[in-house]
Each structure stands twice: as structure tokens, then as C-alpha cells.
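Presented sequentially are two complexes of chain A, the first with chain B as partner and the second with chain C.
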Partner chain A sequence: MNFKSIFENSKPLDYFIFIFLIIFSLFGILITRQIKTDNSNVYIEVDGKLIYILPINKDKKILVKGALGLTEIEIKNKMVRIVDSPCKNKNCVKQGWINKGTIICLPNRVIVRVGNDNKHKIDGFTG
Partner chain B sequence: MFKKTKFLMDTVVTITVISNSEQEANIAIDKAFLEIEKIEKLTNIFSKNSEINNLNRYAGLKRLKVSDTLYNIIELSLNISQMTQGAFDITIGSITSLYDYYKKIKPDEDTIKKRLKLVNYKDIILDKNNKTVFLKNKGMTIDLGGIAKGYAADKAVESLKENNIKSGLVAIAGDIKSFGLKPNNKPWKIGIRDPRSKNKEDLLTAIDLTDMSISTSGNYERFFISEGKRYHHIISPFTGLPASECQSVTIIAKDCYLTDSLATGIFVIGPKNGLKLLEDMGYEGIIIDKDGKLFITQGLKKKLEL
Partner chain C sequence: MASQDRYRIVLLSTYAIGLHSIENLLPSPLPWLRLGIANIISLITLLLYGFKPAITVTLIRIIVSSIISGTFLGPAFILSFSAGLLSTSVMGILAQLLPNLLSPIGISIIGAFCHNITQLLLAYFIFIHNIEVILILSPIIILLGTITGALNGLITNIIFNNLKKSLKRVKM
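On to the complex of A and B.
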């Protein structure tokens, strides 16, 4: 049996099942991908205190009050950034969008971290 | 496992402890933070009223009696200076103060040349009996930025132990001291960042530590680019310019004051001689040179999976 004969002998229902299987498996891949990335949270700490845990898959804008004033944080398209900050150097704003890792604003005492606390195998970082 | 974060010493400080009692853990952590704050107050070069700046004001004038803690830090600094033949030198202060990494300011050659005369750890005269320090020349400035964080981590761990904590981790930015084991009887796992990667979360490797300290000095922490050259915060006491042979140096040893200051010193010395010095002294370390090449001590090579 070759390809040609498969198609010649197929009935409409066979095509339907065939297409259905393809869509179904693609769907499966998409769903597992969603679950994988959507596990991440955005952790926002001010002056050492955790004040927000937000899912990274929900777009949101937040204002938090730090040592110098208000820091504006935006979550969009599974990324997070600091939009505006009262600090002088604006290093935090310049860092731009992240989907993993940390943005630290020392002057305003704000830390924005993307991650999943359950997966934390590393106890500390150097370098 | 209990964990708290505070902003001290111009960076992020995290203390983690293992304890059965949350109350006991919190009290111990707060006391350890107080220890770090005390050291910050003494050593903060940006604060006019700090003890170190008071000492700097008396440079070339007279010897000054200092606190036991400050005396101790300066004494330890001089040991490291001798060990590294001046590659680590706290009298670099008159030059480091000329750089501003936020405003992208660097000194001109003439100023560096003049100020280099004020950089020499041998011009710090200690009197152990009277706990006095004399800076021989007017204008000499001590900057403890290369040792204070590590020293503070040591003191914070001491304080935790005095308060009945058997296991914990003190991390003052990249200067980390560990003691005891985690609840699963495993050592603490410390990730070493890869300076060659743009992503800050990419690790070069992770290493298991217990009752040991680790520090990293890197040229990517505080810097600016001017005329295509990278001006970072690790200044060579020999040239007054940013040391250019390495990208990062990680040191592992028992005391954190030592890993902190030695990471700076080895960064200045460079990869080949730096590695040799580490092997001779029996400390472990990883050096990444300016081209991205790795230099790893023999003892560490066996333990690492890179």
C-alpha cells in the first residue's frame, strides 16, 4: 500500500479523523506550552517585603511606593518591566522587558523577580 | 527555612536560616542585620560621619584611635595586601573617588599620576597596643569597598551562631557565607553567574557549600563605556585604571572577608599569576579572562561540572 492508494481508498470520514488528529495534537502542544510558561509569577518586593505575587500571563499595570516615591511596573505579553521610577540612574527602566530573572532598583528599594518559587533549587547567587 | 531581605551596604542583603521556631529565626536574623548595619556605619565612604571618613580626614596629620572593628578590618586588609603584593590595596580611595559610574566621570591621566603617590598600603601605620591608625601622607584615603561586605557577612554569621542558629546563609550581594546543612541534610547550592552571557540568570555552574564563603568580582557590575573602553569599578592600585585582564574572578575559602578582598586582588593580578597565587595559598577559584577563557584551580576542577 502506498500513499496514493491510501488517499484513493479514504472516505470523507477518514479525512475528518485525520485532520482532527492533527489539530488535536497541535492543541496538546499548545496547552503544555501554556502550562509551562504560565507557572511563572511576578514577585514584587519593596524594602525587603514581598508585596505582590502576580501571574505573568495577566496584563497589568501596578504602582508601588518605594523609598523615593512611586515605581510603575507593567506586565504585558508574559513579560514585565519597570516603566518609570523616581531613581536618578534609571538603570531599572533601562533594563527593559524580562521574562525571567530580576530587575533591582536599589535607590527606590524595589525588586521585581520573575520565577517560580517551587522550582528554586539555588540558594544564592554570586557574580 | 526562614528568609529576610534588606537593603544595606548599597546592595541587597538576604539572610536565610534553618530553625524550628519562626520567632527564634526572626530574632536571630534581625540581630544579624544589626551587625551588618553597624559595619556599614563604620565603613561607609559616602557618609561624612562614618568612622572611616573621620580617619581619612586625619591623614598626614596625626594617628587616631579607632574602634576595635575598624582596626580589625584594616589589619585584615593589610594582610591581603601583603599576600597579593599590593594588588589589593585599601589606600586606593584617593583614586576610586575620582570615578563616578552613574555620571560617567573618569579622571585624566595627570590627576591619576599625582594621586597614585597616595596609594600604598605600607603607608598605613598600625599600633596594635593602642589601637591607633596613622595614614602617613596628607590626602591618603582608605576605601573599604573591597572587603567590608565580606567582613560583614562573617560577622552576621557569627551573630546567627551566637543566637543558636545551626544552619544558614548570609548573602551580601555576591559575597556569601554559608554554615551548616539544609533540612534535607544537603549543602547550600550557590549559582555562579556567567559573565559572558547577557542574561543575568545564566549560570556558569552551581557549587555546593557548607561552612565556606564565596565571592565574585566582575567587570559588569558597575561600569560605563567611554570611547569604546569599559570603565568598571575594580581599579588597579598600580595604574589607577580599571584592571583589564579579567572579566570575573570567583574565590572560595572559609572566611568571607578573604574571598571578597582576594577576588578583587586576583582580578587586578590577572588570570595566569592569579591562578598560581591561589594554588600556592591553597584557595579555590575560577577566573574568566578578558577573552572568555576559564582558569580553574585543581581542587575545584574535580568538583565542578561545567
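On to the complex of A and C.
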């Protein structure tokens, strides 16, 4: 066996196809990463009960009635924030825009959570 | 078909089944990641003897090794059968049409790519009707498929060049 012949007779088109497919798939991975983060939802809970599930990629402003009064929540540019809250310390308003994790307003018992609960639906596939 | 050709096909199919079985025993980081080293035999058959023997060897390899591993007529069998058929056909067409533009390396890469694409499309249309899963998986699978296809192509190139030299020596 002569291992020196490994690249013998290789043509420029071979390298072109190889490099093209590598770059193409790397771009694909970058693009699908973006799609992946886009499909998360905003979950709004009041007093431990889930009352709203909203897609994060649709801009929206809603009012939620909590223990003290109305909390205003805004979804914009794939981010979410609490605009106004009737609570005293306004920690939830100060937290500002988030695109993952949670905003918790304890006095008004409002929880805004960004995430994706769908991932438990498919548990595996072999083929 | 002469009996000599039949023996050749049987011998090559046995090599392919053996390689496929060894590959099944190798540990893999991902369940669907396969090196596809059995494809080396299909490609060499294609280059040495032509399209018909190559497709015969591929089909014998897929059917027999699926009976050995117990997946005959199952979903995995449907995927590998159609992908094997299509990728070998594409490789055959390429080897006939562009013999001066592509070496075994390029043919192997394109064969691996066709194999992946067929499996992804079939998986989408028959098994998981979820386009997002397929879209997220496909670039990763194509990337890995290109790398393993290139490796197989390089191995095929070594074997093919050595075989050609030894065949020439016999003729002289």
C-alpha cells in the first residue's frame, strides 16, 4: 500500500465542492441558531397561575391585574419588560428589557418568564 | 452476467457488509452519526466495474446488514435503503458525466451530501412533520457528512490509485 497517493489525481473542483459545502453548512448553522432563539414564548403568571402565553417575536403591550393593581408589560424587538407596576420599590421596572430568564414582581405577584416549554414534546428519534 | 462478475459482486458485497458491521460496533458520539465506510466499497465498485455492479453491491449490503442488525423493513431501513440507492445513482451519473473534472474525493463528498439530503427529506415527509427540527439539524448533518465524505473519498483514492497501479503491473 502506498499512502503517498492520497491526493493523487485530485481535481480543483473537489476542493471547491468541499470548501463550498463546509461554508454553506456553517452559514446554515449560524442562521438556524437565530431561528432557534426566536421561537421562545413569554409566560405571564399571576398568583402562581399561568394566564398568558405570548410569542416573543410579536410586539405587544398588555395590562395584567395583580394583587395590588394593574401591571403594564411590553413586548418589543424580541425583548420584554415591565413598563409600570403599582408596587412600591419598582424592582421589576428597574430590571428593564430581558430576552431570557424572568422578571418577578413580588408585591403584585406577577411573574414574567421567557422560555420554551415545547422541548419536552419530542423525546428522541432514531433512524 | 458472467459467473466471474457474480463472484466479484459477492466478494465486494461481503467486504461492504463486514465494514458496515464493524462500523456499527464503533462507539459514536451521536446516535445518527455514521462514518459510512461501507460506501468506500460501493465507490470502488463503481470506479472499477461501472454503475450496475455498484448499485447491486450497495443494495445487497443494505439489505443483508439490516437483516443482521434486525432493522429490516423498519424506519431506519427505509431511510438507508432510499438514501443508498439515490447517492449511488448520483455518484454513478457523476462518474460517467464528469470523469475528468472530479476525482473519487469529490464524487464521495457529493454522494455523502445526497445521502444526507435524502434522509433528511424522507425523515421530514414520513416520520417527523416538524420543519424546525429538520432545519436546525440539516446544516449540522451536512457539515459532518461533508467531512466524513471527504475522509471516505481520500481512503477510496488511496485504494483506487494503488489498485490501478497493480492492475497495470499485471498487464505489463
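Here is the rule we use: the second predicted complex is superposed on the first by the 84 of 127 C-alpha atoms of A that agree within 3 Å, B and C clash if a C-alpha of one lies under 4 Å from a C-alpha of the other, contacts with A are read in each partner's own complex, and residues count from 1 in each chain.
In this text, contacts are C-beta pairs under 8 Å (C-beta built on N, C-alpha and C of every residue); 3 or more make two chains touch, one makes a residue touch a chain.
Since the structure is predicted, the reported quantities are computational estimates derived from the model, not experimental observations.
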item: Partner chain(s) touched by A:106 [first = chain B, second = chain C, both, neither]; value: first
item: First, second, both or neither for A:8, with chain B first and chain C second; value: second
item: Partner contacting more residues of chain A (chain B vs chain C); value: C
item: First, second, both or neither for A:28, with chain B first and chain C second; value: second
item: Contact residues of chain A, present in both the chain B and the chain C interface; value: 122, 125-127
item: Residue numbers on chain A that touch chain B, as the complex places them; value: 45, 47-48, 67, 88-89, 100-102, 104, 106, 109, 111, 121-127
item: Interface residues, chain C side, partner chain A - complex; value: 31-32, 75-76, 79, 98, 100-106, 109-110, 113, 119, 123, 127-128, 130, 132-133, 135-136, 138-140, 142-143, 146-147, 150, 153-154, 157-158, 161-162, 165
item: Of all residues in chain B, those that touch chain A in their complex; value: 4-7, 10-12, 14, 16, 102, 169, 171, 174-176, 178, 182, 188-195, 199-201, 203-204, 206, 214-216, 218, 248, 250
item: Touch list for chain A against partner chain C, complex; value: 1-3, 5-11, 13-14, 17-18, 21-22, 24-29, 31-32, 35-36, 39, 122, 125-127
